[in-house]
Amino acid sequence: MQTFAKKRIEILIERALLKRLTEKLERTGVSGYSVAPVVGGRGRAGRWEADGQVGAAAGMFVVWCIVDPVRLDELLQAVFAVVAQQVGLVSVGDVEVVRPERF
Amino acid sequence: MQTFAKKRIEILIERALLKRLTEKLERTGVSGYSVAPVVGGRGRAGRWEADGQVGAAAGMFVVWCIVDPVRLDELLQAVFAVVAQQVGLVSVGDVEVVRPERF
Amino acid sequence: MQTFAKKRIEILIERALLKRLTEKLERTGVSGYSVAPVVGGRGRAGRWEADGQVGAAAGMFVVWCIVDPVRLDELLQAVFAVVAQQVGLVSVGDVEVVRPERF
Amino acid sequence: MEDTLLALAAQNLVSPSVLFFGMGLGASLGRSDLSVPEAIARFLSLYLLISIGFRGGAEVAHQGLTPALALTILAGVVLSAGLPFIAYAFLRGAGLDHINAAAVAGHYGSISAVTFVAVTGALTQLALPYDGYMIAVAAAMETPAIFSALMIARSREGRGSGDMSGDFLREIALNGSIVALLGAFAVGCITGERGMTSLKPFLLDAFPGFLCVFLLDMGLIAGRGLRDGWKSLSVPVAGFAWIMPFIGAAFAALFAWLIGLSAGSTAVLMTLGASASYIAVPAAMRLALPAANPAIALTLSLGLTFPFNLIVGIPLYIAAAQMIAR
Amino acid sequence: MEDTLLALAAQNLVSPSVLFFGMGLGASLGRSDLSVPEAIARFLSLYLLISIGFRGGAEVAHQGLTPALALTILAGVVLSAGLPFIAYAFLRGAGLDHINAAAVAGHYGSISAVTFVAVTGALTQLALPYDGYMIAVAAAMETPAIFSALMIARSREGRGSGDMSGDFLREIALNGSIVALLGAFAVGCITGERGMTSLKPFLLDAFPGFLCVFLLDMGLIAGRGLRDGWKSLSVPVAGFAWIMPFIGAAFAALFAWLIGLSAGSTAVLMTLGASASYIAVPAAMRLALPAANPAIALTLSLGLTFPFNLIVGIPLYIAAAQMIAR
Amino acid sequence: MEDTLLALAAQNLVSPSVLFFGMGLGASLGRSDLSVPEAIARFLSLYLLISIGFRGGAEVAHQGLTPALALTILAGVVLSAGLPFIAYAFLRGAGLDHINAAAVAGHYGSISAVTFVAVTGALTQLALPYDGYMIAVAAAMETPAIFSALMIARSREGRGSGDMSGDFLREIALNGSIVALLGAFAVGCITGERGMTSLKPFLLDAFPGFLCVFLLDMGLIAGRGLRDGWKSLSVPVAGFAWIMPFIGAAFAALFAWLIGLSAGSTAVLMTLGASASYIAVPAAMRLALPAANPAIALTLSLGLTFPFNLIVGIPLYIAAAQMIAR
């Protein structure tokens, strides 16, 4: 099958900031994004686990977004407007998709 | 360590279709696949969240599958036989593995 | 935005071994890692599902870690010291990050 | 009579469960971040099905089966299979496209377990007896509507639009909510009084509490649906959600009268006819009619019809049933 | 008097809920893999808020509102808004940096729902009555502290350090725990006795059990916090966690005395003043003061102040309240 | 005597919990999509351990400790440590390879908490008293079997095959299920009557209900295991799952007779000897014997031995205990 090159942006974000990030993504006009749970990890701020947590501050999510390479920079700007101060690990990878018109 | 190039296919799929997709994957003879939960997102059909959902129609999963590049096309065909009509975002990335005989 | 090339190591691991893996990662001095749930899959050992499981042996996680390419080999050695005998699917992909000093 | 009716409507309106539904609805429309974790919502739904099923079974073990059972189940199946055709015609008239009309129609032939709970609760309060086997009737009404919806969908687009493989049939027949309901019904039938004694604190006494949390969640979901989904609804289509219940209830009343059901059982059958599925049918429709937009059906059935039945419909059906039943 | 006090402290210490907290703490410090799934922990927290709110509402439906209500709510708001300034001064004196001191201060102006439950439980055991509307006071005390913390943070760093957009205000006001608490309170007010009868087995009888599991979980979390977090705490900062409760309780006692609250209500207001938030405030602080380290506030409020209030504080506040109340 | 035996077997067979297990088994073998969310299943398992432990503790607080306690715990440890050697010999004879035989043997030395619940439930129904401390005996029997399994595994392959580092020992000793069981036991001992009064609705009255949902889940898991796992089982290995319980029960009976336990406690010890672990041991085996296939042990212990004990075994052990006890 013919495939087309896109970029996959992945953002680790705290629960408290998730809504701001997704609203920001929507305003930049991305075609879509997905959110998955993260249940633990370790970073500069030490180790954490989701188990047993109750507060709206506890927990992290990974948000990813497949976009056309030409829109990458604009999107990164938008993302960093939200995650600059807080935790928020942003990485970009290459993927191929089959239906390019969706992105 | 010596590494070997493989392909990583990632498919976003609705709960209702998950079983069909995995059965299809098994029939094509892939060595394995993994399924992880997605808890929300946005696409052409609007925004959704897993929280509070009860029905067997609610929810999405991400299925991924590491395969040898020579088998990629065959697998994409199989996947698109299931996801063609419904939501189902398919993307392919490059990965390196250490134990190539597993795939 | 300027981006920098890093490696993304992804390890599928059983619940029973998760703690050993993350402690090993910490000892190698990685800057961080994240853990996400996997809810099902199929491999050489057959199919499994997380639903309904109660034991501390049941369930798998995916652990990922973004590192500088120069540290990749050392990290793979450490990872394989833990996952060699058990299930533990290790793959490595390329990603770009914006803040290289974090890794 | 009218007094009781109004009093019941008023009382239903301020019952804890309806108020919790309203609280969820309000929180969600106001964009509060209140939420029920998915695992809990799924458990609550399983709990309700098991509790409802078990109590129905224990009731049957107690009362025995009346000869009307077979007839009532038959009536239920006919209602479930027939109502989608009427609903489809209505929806097409209201301007909905073919495939979405078929999918929505399937939801309205089937039933809502929580609406069933609400009517039986109201009957208990009014000391109007109904037959324990009505839960088996409810179970029998879950799926026939699905097949009618598929037949309607195919009638126009040919084989392609509705998958009816053996696998699909098995998935429909063995879907988790039917297995839980009928399985618990069977356990209730077999263990009867003895089982009831040991399970009463969990399945009976705690039920109103669990129901409130479930309805809080349903309110949250309905609010989310209304917030995003109302744009895809025209006024006539929205009107369908409040008129169709009367059509379903009327046909059910006719059958109940023909069979000669008691006033209580008549009210239950009417409520089943008037209610619309939002758990079992949506999944089947995603599989069989993937081109349909699931948000339309969910907004109609959970956002409009469900609260309508809870507050307005049930008191009316009970009043009508008391006049109809012989 | 003193005897009762000591007896109460001793009894509190060996109450099942405190013991389960201790069990969680021990398991976690000993690095056991015991854990409560996140979905369950979130449900337990929702359940507790609904139960507390509903019972408060039902109590108000029963007792009616006393004129002191408005004054007591006002006192609560003043306490919640004022205590952070004192806490901030203390913490700065103890050597904590500006932004972390502001964030921690916000936690100590707000309240802990489970500490509220503990004091009302102890009062019930001692047959000391308190006003049902105190739960509304607790709800009113949740958020003012957040705004004080932001004002403190901004006082030095200018507009940048604290986001106060309309969105942020809405998020704070409609955060899930306040909606659940006040929503259930309203349902309790409206349905009163009747609602209580149907929900009693779930919301009242099962409460001590659910509370134990919740406290087991809180112990696990507190242990994790202490294990990782004690390194970031100096002795004076840790001391704050055990001294600040007395300051909060003292101011609350003063207000209670001015209003003329009963001994029971005085004890409740003192406990609210003395308790620190670990559910609602942390999320607001992450949004508004992202530069603050959340582990510090959580270790102080959940790891040190919470068990301190449970074991030492509450008996003292009750004893003092009995002497103060007119 | 025989009548009671048969009646008990029959009654066990149609108890709600066994029927729910059967319902899960059937649903899973029929490939229904019925499922219990993982978070709920983990909570149910935690709840059962806490309830069992607490009740045991409260019982001990009530009865006091009898001198036989130390001896019975010793007997339990010897059983748990010894039975794996017998199981290993059996399994090797049945054709299972070294490492899998060692892993399965470890499961059969340890115990199943739900089987413990089933036997105590049957004893209560028959009004046969047993000692409250038997839950402590059960806890003591959880782990010794793990070490025996490792010793067996090493006996042949040398140091490499079984990890026995200090870390591993700590992980085993502090695994969540043992901490929950013993912690709740301690809370029960300390709070006694008073604790029981407040926790009764949650931990006691609701227990049969939660147990049914848990067993429904166990049935679903067992069915999944049987569906996928039966291919890896030979007939002799499958036979082991139904013969080994009698061997375990026989040795337990011998010890009980030597100690002079009551008929009730003898039946409990026999059941513990006969039961096999499916929660705590599998995790330990994955860590220590990663080369073993976990599906074999789980299919045997949960799919075959567990229902066998529930339906056939327990009535037999009780009958035998009544004949044996002095």
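The first chain written gets the first letter, and so on, giving A, B, C, D, E and F; residue counts start at 1 in each chain.
The definition used in the following text is that a contact is a pair of C-beta atoms (placed from the backbone, for glycine too) under 8 Å apart; a residue touches a chain by one contact, two chains touch by 3 or more.
Since this is a predicted model, take the numbers as computed values, not measurements.
Chain centres computed from CA atoms place A at the largest separation from subunit F. Distance between Cα centroids is largest for the pairing of subunit C with D. Although subunit D and subunit E carry the same sequence, what matters here is overlap: shared residue numbers make up under half of all numbers found at their interface.
One simple way to say how far apart two chains are is to compare their mean CA positions; for subunit A and subunit C this gives 19 Å.
Averaging Cα coordinates per chain places subunit B and subunit D 34 Å apart.
Look at where the CA atoms of subunit B average out and do the same for subunit F: the two points lie 39 Å apart. If each chain is reduced to the centroid of its CA atoms, subunit B and subunit E end up 45 Å from each other. Shared contact sites, meaning residues of subunit F that touch two or more other chains, fall at 33, 35-40, 42, 171, 175-176, 201, 206.
In subunit A, the residues touching two or more other chains are 19, 36-37, 39, 56, 93-94.
According to the touch criterion at the top of this document, the contacting chain pairs are A-B, A-C, A-E, B-C, B-D, C-F, D-E, D-F, E-F. By the touch rule above, subunit F contacts subunit D in their complex via residues 14-16, 19-20, 23, 26-27, 30-40, 201, 205-206, 208-210, 212-213, 216.
Remark: subunit D residues 37-40, 42-43, 46-47, 50, 170-171, 174-176, 179-180, 183-184, 186-187, 190-191, 195, 198-199, 201-203, 206 touch subunit F in the complex.
Interface of subunit B with subunit C (complex): residues 1, 3, 6, 8, 22, 25-26, 31-37, 61, 66, 93-99, 102. Residues of subunit B touching subunit A in their complex: 10, 12, 36-44, 60, 62, 73, 76-77, 80, 89-94.
Only residues 14-17, 19-20, 39, 45-47, 49-59, 85-86 of subunit B touch subunit D when the two sit together in their complex.
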